[in-house]
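Next come two complexes, and both contain chain A; in the first it sits with chain B, in the second with chain C.
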Partner chain A sequence: MAIFSVYILNRAGGLIYHYDHFTPKSEIEKTFSYPLDITLREDDKLVVIFGERDGIKVGHALLAVNGEPVTGKRLPDGREAMEVIKNQENYPISLKFGRLKLTTNERIMLASMFHPLYAISAKLSPEQRSSGIEVLEADSFKLHCFQTHTGLKFIVLTDPKQLGMDIFLKKIYELYSDFALKNPFYSLDMPIRCELFDTNLQKALDQSERSNLYSSNPSLA
Partner chain B sequence: MTIYNLYVFDRNGTCLYYESWNRRKESNMSKDEEFKLMYGMLYSIKSFVARMSPSESKDGFLNYRTSKYKLHFYETPTGLKFIMNTDLSVGTTRDVLFNIYSKIYVEYVVKNPLCRLDEPIQSELFASKLDTYIRSLNIFN
Partner chain C sequence: MSRQSAVRADNRKVSAELFVLTHGALVAQLVKDYESDEEVNKQLDKMGYNIGVRLVEDFLARSNVGRCHDFRETADVIAKLGFKMFLGFSPVITNWSAASDEFSLILDNNPMAEFAELPEGHEGLLFSNILCGVLRGALEMVQMEVDVWFVQDALRGDETTEIRLKFIRKLEDALPAGED
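Then we have the complex of A and B:
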């Protein structure tokens, strides 16, 4: 039971706010002997493409070699990480793999990607007067989206079992109206940088998680 | 409860089969364009979900719902995609879509040497078996 993150999109699909509440840990460090039984693909970073083992999954990126962080494809001393991995003399070697965190640019891209998906899902509806995607379910998370009459979209990513999100989305809308819109320094459709909004949103998130815990587990109530 | 329509796509995005039962609104475009739009949307949703997911996912995208309908998605490891639109009261339909794949598609298309696998399905036997199966479901009426 968890709320992962909150996104707010403006009318044009631009990301104006995002907040990460909870990110599941997925970093695995292991010592390997030569030859490496994991296939890595080289583009701008090193990503596992074959050979899942011990919790290392396809899609994980190489984060560190012998404790030294990998930035892009290079180690702090400028060596190519791939060269180090290919060289038998460097073994045994300790590699750390994990999911890469989304960068701000990627988030903006994903947000503007959701915008047309919402529109197409309404267009492809087999029933009259359908809205766009309200809830999207995947096996690892659930996305809840609420579009206001003014076209603003509030998106919350949660655990698949999380309940009561429609109320929570309306609550964020209320917070947005109270703390972002009433802020005289806030211009419409621009990123929200407002401390009051941040603190109140965090409070609402904690509250929502707690109330959910109680409703799903009567012994705690 | 009702089932609106069903799409079957192969891994290249060709629409192998389309059938509608209780569809109340036709999109104002040709079927061909609609298939492309549908496939494009699913392709984007798949990559969107893969990037958005906070942890590793196995099956990835499962379904979405709007205010009026629910779209169910099932993809086989070979890239075949089954998409079914139903109304909102329908729960999970993974088993239904899997049955369409294993009991109808495999039996009457893959095992039919005259059916080309990369072209829209012409087989009448497939169509009638599918129709019978869908109509026999208790989520249909």
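Then we have the complex of A and C:
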């Protein structure tokens, strides 16, 4: 379970494909008594800004109140979630927190932001003819990027311990050239909506997990 | 440690004859559909271009070629790797211009034209013109603008079949980051 997601960017930096393979579970449901010791920010989403506890982290959003999902800031019956939380009569109350999934629009935005970052990193390099970002390491994930000679970018987000991703990126490139480009009804530079590509990518992901080839962490094998 | 996953089941190669006959049928249909040979040649080139822009990714994904930094290198890759991979033969590279920006490919054993004879009244038809489009499209995707045309065609009674490639310019603004 070490590959989180796969992204493909076209030559202009537009996101043409994304697939979430594995998302670390972050949802936590807890019963609270009055007063609530977690501070929520109230803008378009209800996000924790202070008072981390029991695995509920800053940045998590309020997902449900007493099992009823929060959409926008409202409960299914139209009540404002914030009103309910502030009212002492509603306690004890069960709240579910978790990290919100990125929306497609947010992903598109982030992808097109990564594109210039890649270019800047290539320019910043003191060495001549240096490539852009190949690996970007963070404490909770690692980003592997492979740019083809035609300018496409394949990006894989993995566990920080994951190794051997260059082989896997090359493999995705092959799958792309087979199942997207050889599909005569796929137009170049457009989002990839090909079922065959999806299934074969999943197969490759499963395979990479099963074989030790890509996994450096023996506990995962 | 199974390496199987990395190896593509490459026993899917079909008989070249199927391809050659399909291409022949395509050209024959175009000849029927269009008035002039000029127009047929243009259509073939256009189709080739559309194939080329896709084919190049397949080529790059399966071969481990780096970027070519001069036209001579490009010529080598086209003749020895590209043609070999997709058509199963390697044309001869000759007739370099003094500035190294033009060369010819001699296609003596072009499988595409193996069974074809041009009908009367179609002396202007370039039977394998699709190749010109493929080369142009593929090179454009790796940021090289080239002119590609037939100088001679054995089918039209010339001595040999010769495709000429002329380098026009590097498409600098399309160059991916880190390679300019």
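Things worth noting here:
Rule of thumb we're sticking to: the second predicted complex is superposed on the first by the 211 of 221 C-alpha atoms of A that agree within 3 Å, B and C clash if a C-alpha of one lies under 4 Å from a C-alpha of the other, contacts with A are read in each partner's own complex, and residues count from 1 in each chain.
Convention: contacts are C-beta pairs under 8 Å (C-beta built on N, C-alpha and C of every residue); 3 or more make two chains touch, one makes a residue touch a chain.
These numbers come from a predicted model, not from an experiment.
Placing chain B and chain C on a common chain A by superposition gives a fit, with no clash between them. Across the overlaid complexes, the C-alpha centre of chain A sees chain B and chain C at an angle of 90°, to the nearest 10.
By the document's definition of touching, neither partner reaches A:V47: not chain B, not chain C. Touch criterion met: A:T148 reaches chain C, while chain B stays clear of it. Of the two partner chains placed around the shared chain by superposition, chain B is the only one that A:L110 touches, whereas chain C remains out of contact.
By the touch criterion defined above, A:I28 lies against neither chain B nor chain C after alignment on the C-alpha atoms of chain A. Of the two partner chains, chain B is the only one touched by A:D139; chain C is not.
Of the two partner chains placed by superposition, only chain B is touched by A:G59; chain C is not. Using the contact criterion defined above for the overlaid structures, shared-chain residue A:S131 touches chain B and also reaches chain C.
In the superposition on chain A, A:L75 makes contact with neither chain B nor chain C. Of the two partner chains placed by the overlay, neither chain B nor chain C lies in contact with A:L163. Shortest separation of chain B and chain C in the overlay equals 9 Å (C-alpha atoms, whole Å).
Residues 122-123, 129-132 of chain A touch chain B in one complex and chain C in the other. Taken together, the chain C residues at the contact with chain A in this complex read 1-3, 5-6, 8, 53-54, 56-58, 60-62, 66-67, 141-142, 174-179. Residues 4-5, 23-24, 26, 57, 59, 99, 102, 106, 110, 113-114, 116-117, 120-141, 143, 157 of chain A are the ones touching chain B in the complex.
Chain B makes touch with chain A in their complex at residues 4-5, 20, 22-25, 27, 34, 37-38, 40-41, 44-45, 48-69, 71, 85, 87.
By the touch criterion given at the top, residues 11, 118-119, 122-123, 129-132, 147-152, 167, 170-171, 173-174, 176-178, 181-182, 188, 204, 207-208, 211-213 of chain A touch chain C in their complex.
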